[in-house]
Structures are given as C-alpha cells and as structure tokens.
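Below is one structure; the comments refer to it alone.
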Amino acid sequence: MAQQAIESAQDPQALAEAVAEAMWSRDHAAQALGIRIESVAPGKSSLLMDVRQEMLNGHNICHGGMIFTLADTAFAYACNAYNQTTVASACGIDFLAPARKGETLRAVATERSLAGRTGVYDITVETLEGRQIALFRGKSYRIAGEVIAGLQHATTPTT
Amino acid sequence: MAQQAIESAQDPQALAEAVAEAMWSRDHAAQALGIRIESVAPGKSSLLMDVRQEMLNGHNICHGGMIFTLADTAFAYACNAYNQTTVASACGIDFLAPARKGETLRAVATERSLAGRTGVYDITVETLEGRQIALFRGKSYRIAGEVIAGLQHATTPTT
Amino acid sequence: MAQQAIESAQDPQALAEAVAEAMWSRDHAAQALGIRIESVAPGKSSLLMDVRQEMLNGHNICHGGMIFTLADTAFAYACNAYNQTTVASACGIDFLAPARKGETLRAVATERSLAGRTGVYDITVETLEGRQIALFRGKSYRIAGEVIAGLQHATTPTT
Amino acid sequence: MAQQAIESAQDPQALAEAVAEAMWSRDHAAQALGIRIESVAPGKSSLLMDVRQEMLNGHNICHGGMIFTLADTAFAYACNAYNQTTVASACGIDFLAPARKGETLRAVATERSLAGRTGVYDITVETLEGRQIALFRGKSYRIAGEVIAGLQHATTPTT
C-alpha cells in the first residue's frame, strides 16, 4: 500500500479525498453524466454538472431524474467519506425551479445527523449564479465493507 | 389536424397514448437511458429500462439516480396523460434492494389522488421477476399549457 | 402464561391482535386522542379517530399533527403486529384536504415491503364517507425486544 | 384598528409577532399540548413543548405524532408569519432518537425557499441540552385569505 494511502487512513480530510477518488474511478453513472467533484471533506461534498441536451425531458427542461442523480451523487460522496460503505435508504427531493440546457448545476452536501448506522444529509442544488433548483434530503445506511478495502487496518507501510 | 388526433381529444385512453407518444419524441433523457413505454392510460403508465454498464455507481450497483429517473419518468407519463402540462413538485423514494447490470426494471405508476392542480402518484420499481427495487411517491403540480398544444380545442377536422 | 397467549404465538392473526391489545393498554397518546382500533392483522391495521375541538389549529381545521398522529399510530400497530419491537425511522405525509370538527377519520395501514430490519408501510386517512384526507408513507426499523416479552419463546403452559 | 396593528402591517417583525399571537389564541391543538412560542420572525419560529405522560406511546417513549405535531406547529408559525394564510401540503420527518417523559423539546423552523405560492421549511427538534430528536421538512402552500384579516390593507388609524 502506498504511503499516501497510509496517511489517508489517519487524516480524515485525506481519507475523504482518497475515497472520493476511488469511488469516482468506478462510478460509471457519474462519469457518463459529466459530474465533476469540486471538493470533498468528512461528511461533505460539492459536485458540478452541466445540463446537456440528452438530460432534457419532454417539457424541454432538465429531467428531474438528472437533478436527483447529481444530488444523490453528492450525497454518496459525503456519506462514504469515512471509508465505510454506505448506501442511500431513502431520499426526498423538492423541485424549486427548472434548470435549462447549458446551465451548470452545483450540488452541495452537508451532514445533518450521523448516529450508529444511519445518517441524514441535506443537499442543495443551485446554478452557479445561486438560483435554487432543488432541495434534497437523504437517509444513509452503513452496510458491511469499506470503499477502499483494508485501508484503516493498514498499520505498516508495504512499499 | 389528423383524424387520429381529433379522436384522441375525445377518448381518454387514446389521449393518454397520443400524449405519451408526443412526450417521448422530445424526451431526450428517457431516450438516452433506453427507457421504453410498455403501456399508458389516464393516470397510469408502465415503463421498462435495462440496467447498463454506464448506470452503475461506485458500489458496482445501479445508481439510485437512474432508478429514480425511471420512476420519475413513469410518474411524468402518468400525470401528463390528460394533456395538461404537469410537473413534479416533490418526490420521495425508498430504496429496497440493489439492481444489477443486465437486469430489466419495470416502473408502474398509479394515481392515488388528483384534486385541483395537485396529484399524488405511487410508482413501484421491480425487476421483471417481481423483485422489489424501490417505492417512489411523487407530488404533481399542473402548470399552464398542454403537452400537445390545442388538441382539446380542435372541433373540426383540418385535413 | 395464559393458554390464549400461547395460541397467539402460533397464529399470526391472534398474535397481531394480542400485540395490539398490549400496545393499546400502554399507548397513552392514542388513548388521550380517542383513537380506536377497528381491526389489526399481520402487517395491517385500521384505526378510527374523531376530530375534536382540541385538535383544531389556528386555521380552524384539524391540526396536521393530529392527522399524522392517527396515521403514525396505524403504522405502529401494523409494523409491530409480528411482536418484534419496531419503530418509525422516517415518515412522509401528503395533506390532500382539510378535516373538520366532528368528522371521524379512518387510517388504514398496509405493508408494502418488509425485508431484514426495515419495512415500508402506506397509510391512507379518509373520512367515513371516503373523502381522502392524507396519504402517509412510513419506514420502519426493527430494534431489539418484543412488544409482549417472551411470547414466542413460550413452549409450555405455565398456568 | 389599534395603533399596534397598524404598525404590524408595516414592520415584518411586528407583523410576525402579531400573527403568531392571533394564531395561538385559536390554536386549540397547540394549547392542549402545552406548546409555547419562544420566538417568531419572518419565516422563522422557535417553539417549546414538554413531553408529558399522555404523549407516550406503547413503547414508553414520546409518540412520533407528538414530535411531528410540535415540528408542524413551528412550521405553521414560520410560514404564516407574513399574514398570508398558508397550509402544509406535504411533510417529511426523520426520527433520530427517542424523547422521554419530562424532557422539554425545542423546534426551530427556518425558511429554505419561498417562491410564488410554495415554500420549503426545515425544522429541527432537539432537547434543551441539544440532543437531536428529529429533522422535519415541510412544503407550504399559500391559499386565499389572511391570518389577521384586513391587516395589510389598513391605511389609516381608526382609534
């Protein structure tokens, strides 16, 4: 295991960044939608996504499912930042205003509660100009496993 | 206006089908994800989607946002079936089990309430074998306009 | 332990009724609001509540919290019917129409999903005439313990 | 109309306080539960409630319906603070920890969005010691009418 990974296991911020990088590398859906990580931290994340032609619905505005997907992805990066595999158990979203082709959306995730296996996270979705698009609240559930397997159990450098 | 469209304006089932066809033709997001309409009716719809590689998240299961998008699309086709433009104002989803690459998901939308401008719709997402994947509930809000403009006001054939 | 209790442990319907009776006897909130059990079954319940003067809010209609409480109580009786202590982890409610003083409300709970420790239940609230008042969806979480302690482990009559 | 009311119509903070006082005087449910207004402001409120014996459920903890009612009441005082009659259209609550007899709960409501007829409000419920009990999110809908009828239209003192 690389020295960098070892350090990650001891520094919460470095750990959050290492986990996000690992998740990203295998997150086909986020990659396909062009979602970009702006920042991550323990229990937090900020992601960007451009509204593209293929994200529009039959009303010619960004499909609610694409807005949800951006928010849900921000949620995933925030709640997995401790390197304990965590999934969404339930989510709710309020759509406030339509998003249009060419706009860039920012989703910012914040941890509101974390106790035992469950957490609650709030995610706001806004345009870069700060126009509110949606409010998302997600409930997380920690399952067995780690995002980067074995990281926290490493005690000695292996390289 | 074609004879078929005129008939659609008078028959709720034909109207629902005409609206679905019109929405589908301009629903870039649903098309990009390979979502297919199995059936529609007034206040109802049934849609299919195959879980593809680019729908997987960092845990190697179908991204919750893709499951939401399928359900939200079924919701849209059900609540717009009366040809009055209707958008989602809020949605909630409970994730019950992971969906895997290669599985085909079916979302079935049912109207639970419709009064004034607002409605409530329940959407179930299951595999073709009937394994429950998610339960979705959406609140709709009717705005100005029609999906197929002018349809219900047509009174004489124009072709 | 009474013969009746022993039988309850072996018959799901009798168990649901015994659990409801036990919960009711110590459910101060449901008693204070005059909530009445109409029927219970495994994963199901039907409860009644009269809208009284002290349930009205500042708009002179039944307080949403009282409608929620009725629905949440129906949820509790349905999800505890297996005699495994189960609590609400999250609930959502859509208010469809106001309820007025003197009306009797019926809440009917139905199990939509139950897997592992978590379940999803739908509760409808209507007047006796069938006017829809609210739609409630609750997520349950099974914790340690039984509503009637020791019931299922009883194998020999003790009286 | 009293001089005080005239001033209320011009000062948002005074208006919020006058509306809260008027709502409270006819809010039978809040009074019956002993809910107390700690503070109000435009789009905000803070309320207190003691967990009493008659609020306990069959698990001997505060009934979720009572916690919801406190949060929903805080929501109502926040979203009606502009003196435009506003009702809850949908609410969601996440229960984080049980509340016990004798504890005093504080619900703090904050406006997250307000556009046109609809708003979104977040309400936190905590004990006085700051232990999180529940997170509530409510969607408001403004209907016709004013809480204090005619207040904003008053232009000349009448006393």
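Observations
All chains are identified by letter, namely A, B, C and D, in their written order; residue positions are counted from 1 within each chain.
Operating definition for what follows: a contact is a pair of C-beta atoms (placed from the backbone, for glycine too) under 8 Å apart; a residue touches a chain by one contact, two chains touch by 3 or more.
In this text the structure is predicted, and so the values were computed from the model without any measurement.
For the pairs B-C and A-C, the count of C-beta pairs in contact is higher at B-C.
Ranked by separation of Cα centres from chain D, the top chain is B.
Averaging C-alpha coordinates per chain places the centre of chain A 36 Å away from that of chain C.
Each chain gets one centre point, the mean of its Cα atoms, and the points for chain A and chain B are 26 Å apart. Chain geometry summary: the mean Cα position of chain B and that of chain C are 33 Å apart. Shared interface positions of chain C, i.e. residues touching 2 or more other chains, are given as 89-90, 92, 94, 139. Taken together, the chain B residues at the contact with chain C in this complex read 92, 94, 96-97, 112-113, 115, 120, 122, 132, 135, 137, 139. Note for the complex: chain C touches chain A at residues 89-90, 92, 118, 139. Residues of chain C that touch chain D in their complex: 22-24, 26-32, 53-60, 63-66, 68-70, 72-73, 76, 80, 85, 87-95, 98, 147.
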